[in-house]
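Have a look at the structure that comes next, please.
Letters A, B, C and D name the chains as they come in the text, with residue numbers starting at 1 for each one.
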Amino acid sequence: MDLTYNDDQQDLADSVRGFVAREWPIARVRDVQTHATGFDDELWKKVIALGWSAVAVPEEHGGLGGGLVEQLVVLEELGRGAVDSPLRTTIAYGAFGLLRGHNDSARARHLPAVAAGEAIVTAAVLESDGRAVWPVVTTDETAHSADHARLHATKTLVPYAASADHFVVTTRLIGIGDAVLLIPADRAGIRMRRQTVPVGEPRYRVDFDDVEVRREDVLAAGDAARELFTTCAELDTILTAAYTVGLCHSALALTVEHANSRVQFGRPLGAFQAVAHRCADMHTEINATRLMVFEAAWLLDQGFDARLASAAAKAHVDQTVALVSAHSHQILGAMGFSTEHDLHLFTRRAKAYEQSGGGLDRHLHRVADLLGL
Amino acid sequence: MDLTYNDDQQDLADSVRGFVAREWPIARVRDVQTHATGFDDELWKKVIALGWSAVAVPEEHGGLGGGLVEQLVVLEELGRGAVDSPLRTTIAYGAFGLLRGHNDSARARHLPAVAAGEAIVTAAVLESDGRAVWPVVTTDETAHSADHARLHATKTLVPYAASADHFVVTTRLIGIGDAVLLIPADRAGIRMRRQTVPVGEPRYRVDFDDVEVRREDVLAAGDAARELFTTCAELDTILTAAYTVGLCHSALALTVEHANSRVQFGRPLGAFQAVAHRCADMHTEINATRLMVFEAAWLLDQGFDARLASAAAKAHVDQTVALVSAHSHQILGAMGFSTEHDLHLFTRRAKAYEQSGGGLDRHLHRVADLLGL
Amino acid sequence: MDFAFSETEKTFREELSTFLDQEVAEWWRHLFHAEERTIPTSRELAAKLAERGWLTMSWPPEYGGSGADAWMQVVLREEMWSRGEPRGPQYMNVNYIGPLIMHYGTEEQRERFLTPISQGRVIWCQGFSEPDAGSDLAALSTRARRTADGRYVITGQKIWTSYADAPAQWCFLLARTNVDVRPHQGLSLFLVDMAAPGVTVRPIESLIGTGEINEVFFDEVEVPADCRLGAEDDGWEMLRTGLALERIGVPWYADADRFLERLVAYTRETMVDGRPLSEDPRTRTRLAELYVRCRAARLVTYRAVSLQEKGSATALESASAWMLGGLTQQLAGQVGHETVGALSVLHADDPDAPMDGWAQFQQLLAIPTTIAAGAIDIQRNIIAQQGLGLPRSN
Amino acid sequence: MDFAFSETEKTFREELSTFLDQEVAEWWRHLFHAEERTIPTSRELAAKLAERGWLTMSWPPEYGGSGADAWMQVVLREEMWSRGEPRGPQYMNVNYIGPLIMHYGTEEQRERFLTPISQGRVIWCQGFSEPDAGSDLAALSTRARRTADGRYVITGQKIWTSYADAPAQWCFLLARTNVDVRPHQGLSLFLVDMAAPGVTVRPIESLIGTGEINEVFFDEVEVPADCRLGAEDDGWEMLRTGLALERIGVPWYADADRFLERLVAYTRETMVDGRPLSEDPRTRTRLAELYVRCRAARLVTYRAVSLQEKGSATALESASAWMLGGLTQQLAGQVGHETVGALSVLHADDPDAPMDGWAQFQQLLAIPTTIAAGAIDIQRNIIAQQGLGLPRSN
């Protein structure tokens, strides 16, 4: 048992933190949001050159053969800098979709490029109601065969759609049933619109309008599809949670900085217990969340059952985000309401993830299920 | 609109408060708990001599013809002194059970004595699982007719059973269906055992073992029985909530006293924001609860629909009790853990009511129902 | 105790409600919703309210009111806030700027300033906060020097000044006139013409968009002697009264109530796994919690108004009312976020945003509600010290 | 990072667990459960643990231990607390009284005091709190005057002294030796024989019953020079270390975990409206919340131990661990109350009490957990000041 980084993990964390400080100051975070696609090719090239998209991919598939724990080290540090990138979906849905999917040829063909970050993968999984992942079956479907199905779907909040090379799509196809597909972005019939989201990853509504589906696109079908999606979604949850922990660390750091420098009633704000104790609670909860997230990743790395740990971690991170967001804005006051201050860049990103993959209640029920309730 | 007492209400509050200070100091509260029956006949005689059991009963039935609001004024002040008595059940189930029940002869025969407090009524409604109020029908029942049914029931947490003249019992009788009964305490076959409850009203397990039920005992049957029970329970909830508000006021007062007198780190405890703010929150929530409870009573007095107000008031009082109990004990520290201090006399009484009649969740769902959800 | 509005008040509510249903534009969301149409639209509505005598109805007739009591005023505020305060910035005029001028102003000042307010023709902004004086207003450093001939020359900077860019014609300004006394004793209130030379407004970009919130710079701005309100160095005392009024004046609960109503409708029409979201237990209890908190905040406000009507109000009650209102608004933001789920990140401009992006907006609105009018910690201090007699903690 | 116990640790846990399942009496609820059988039973068990070398396993062999590392100690603590700490009061001996004697004591003191502890033969009580010194220990007034021949004479009163009436043979006492320096600099630690003339114990009746909690009066009690621990006036510094150890030493989460397990079973076997209570959505999510909090508290404790093992622990981590543990325990009390419902008012003695009155007991247990070992506010101060670098707030 050792809940501290080993030397390699510490080196990795230091190097990512150094990279963020050097290459990705907060001014650049603000800039990128205004880009047409919200994506910075230059950054991405640097990130993948460092191998950060491949940390947890086995060496035989072109990865670094590290663990998810190491991958989380990267994500947490990127979160501290609010450095958005298609990393989480490329890893969770791309690399692990291929790794854990049941399509050997797709794995052989795509995984090396995906692991290397040369092919960006995004997740087109959320149905347009923002809740379901699997469509309600419609009776009115186009003709199909097992080899050539046609995809009709509208997916929402798809990150980095305009920059993606592949979409991982959850759908239901007649004759195949539930399916997880890996659709190349250049396939005919894909239309997209960037959605208006105040901060954070660029999000898109993506319409798959009578898009051809080939047998080679199917990563998994039937029960295996549901299982594969669950695996990828769980990974995504953990990666996102680590990123969120990083965001929360920075929100707290900005708050502490403010509490130390802002003088009211002749004392720094932080000398008021009501302020200091909010900071103490944020600190404690962020650290607890962090350990829970790392534990879930470690269990997965070891091949243990991580379902309970993952669900508990997601429930905890949701509570932490709500707490950190409320407390930090309370302490920053009007200053935090101004976009000139950086706080909202962290809190709003974190809030956006709070409800992704289902919020607190959903994960508490998952915990309850796993407790045998 | 006027959310302050009128002169009469203020006079009534003052007089009850004076009575409590004079006749019922906290030492006596401690004493009474150790009595065999937990009931003080001397107190009860004084309380009923002042007409406090009859405040809200119409004059034609021997009451004072006041409103529930006035009745709540009495209960809140008694709560401030932790003066337990069979008042709430005698009023909610006794007086109002007879008033709103469908049995004219029982009303004529019993109501005057009940209103005058000469006959004490308690509620034997909770089934032995502590949750249900209506029994699961058993197939194995004794012979019966509409005139002569036999009651087999075990009821739990019955307050003041040993001092009661009548039991209001919820049951299900073959041929009659659901029924609310008013059973004289001297009827053969009633056995009781005082339960071990640390503080507060004495509670009993009461077994009705093949007790004769006469037609004249039936206050309501069938749907009307369910309706009558709901009415009485709602009244009980409001009376109990007012009493609880009184308890909470005193818990806060003891806490503030401690915070003002106890010096730590060279300052009174109350000079620490963490302590002061807890007190401020308790104060605000207690007052909010109080207004919600009075509003529900006022709506009932006016004949308006009070269901939403009552459910919301109960939900609020449960939250307030949890808050006041946690915060006051936190501030009192070890002192509040000692029974020598009075705090626990108030907080434990309040906690005991928190789950009575169903806790927070049940009432939130009731609110949701009434909101059309 | 009496928990009902009178027949007169009910009739007025109906009349007002009918009027507002017709007059308030479909797109109107909230006065804090920065967009170009907001201010002109609210100006128009305020003028129409004035025509009907509803803008300043609680004022005495000589200043354009009809002497309505506090409860008529409560009805008015609730109807306004349950529609996102379509009076726009002018709610401040009515809530406390006008009343303070009425109470402390000279006869000349009353005539000069109250009539335009009662006609809905003027926008005021409030010049209190400074970069180094937020909750601690006594620390403000904007300086008003008196000249030999009795005028004042004002220099300093205000920040978080809402509607200065509306543009506001006047600023209700707190400035330091005396540095030789204890900090809160040397402050005075001024009625400053925003068109005066030396006044510069710089909009601050905020979470609700650009505009509405500003920095205001005063560079040697000349203010005539007759634009000082009340006695010199008396500003703090006057303002304390005014801020207590403002705390009762903003029925956040009415806004949260409206949002709750909208959420109830949304959950009923939203199907999740083939069943209406309104059947989901968590959603049900969260909306119920919001309802309970709204009702509590409403009653605590009514209690504050009752005491005000009886002349026995203290800062305590308005602090409680304000605190509960703010917390209710904050809860509304969180409950909306949870209820709408992942799509609540979508801004109102996005066609896919559920409830026209209302949940997104309400989350942002939740942020300033526990900050504005003195941070919530200050309210707790007031309650602890003035209400419970606990010692000062600072 | 490594989130698993080693094979050795797992084997030890199994062995210990088997032993405890046999040895801990069915009726044993908790060391804080005042009843006559509690102390004798715990004495017996402690002796058996000592026989097996498990009582002070982390101590060096010369003092009756086997030099086990901190993780073995964690396993031991968890197994103990998940069974209501059957070592009884002796958990304090092992957690911090023994270690402090080992670290600061003379060779003679170590030999004299550590062996009885390692054999499970002795009960210590801690004499810190006083009527006017709770969280603020530096304010204590119990006075230790040094006589000409180097002895000390102690006079004063301690309060909330657990197990003094067990009876405890020794008291780990903090007393003032110097009044001419800053308050926390004039304190010394003494190892006081409770049988010495002038020591009086008065049990305090508490919410858990009579006994276990006491007042202890010292009236001119003579203490030999060799019963002072460490240097004179150094007591505060030594104690800070000791209290940090105590904070890690009590795994409240293990107790809450055990209670949660019991609650899960209870909800599965309890039918409400014809369905198991475990299907009720609110019950499910409340129990899940408790699980999540237990897991969080556990990991934060493991992190503190990890840092301790690496020699880089600070007061911050143990404060966080203690705080989360205490809050978890508090939540357990509330969740138990809600889950069991109205019948949770019944005391364990009542035959109708569900879960043998456990829910009732757990509610009471929740009260001292956020009070003991320095109130929770003190822990938050430590985190804010030592962890985050915020200024002192007092």
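By definition in this document, a contact is a pair of C-beta atoms (placed from the backbone, for glycine too) under 8 Å apart; a residue touches a chain by one contact, two chains touch by 3 or more.
This structure is a prediction, so every number in the text was calculated from the model and none was measured.
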Hey, which chain ends up farthest from chain A, C-alpha centres compared?
-> B
B-D or B-C, whichever has more C-beta pairs in contact = B-C
Calculate how many whole Å lie between the centre of chain A and the centre of chain C, each centre taken as the average of the chain's C-alpha atoms.
-> 39
Quick one: chain A and chain B, Cα centre-to-centre, how many Å?
-> 52
Which residue numbers or ranges of chain A touch two or more of the other chains?
-> 267, 272-275, 277, 361
At least two other chains touched by the same residue of chain D: list those residues.
-> 281-282, 285, 377, 380, 393-394
Contact footprint of chain B on chain A as seen in their complex | 272-274, 277
Of all residues in chain B, which touch chain C in the complex?
-> 1-6, 9, 69, 252, 256, 259-260, 267-268, 270-273, 275-277, 279-281, 283-285, 287-289, 291-292, 294-295, 298-299, 302, 309, 312, 315-316, 319, 361, 364-365, 367-368, 371-373
Chain D partner, complex, touching residues on chain C are 281-282, 285
Mind listing the chain B positions that touch chain D in their complex?
-> 126, 128-132, 156-157, 195-198, 200, 203, 205, 262-267, 272-275, 322, 326, 329-330, 333-334, 336-340, 344, 348, 351-352, 354-356, 358-361
Would you pull the chain D residues touching chain B in the complex into a rising list?
-> 129, 132-136, 138-139, 159-160, 204-207, 213, 270-273, 282, 330, 334, 337-338, 340-347, 349-350, 352-354, 360, 363, 367-368, 370-371, 375-377, 380, 393-394
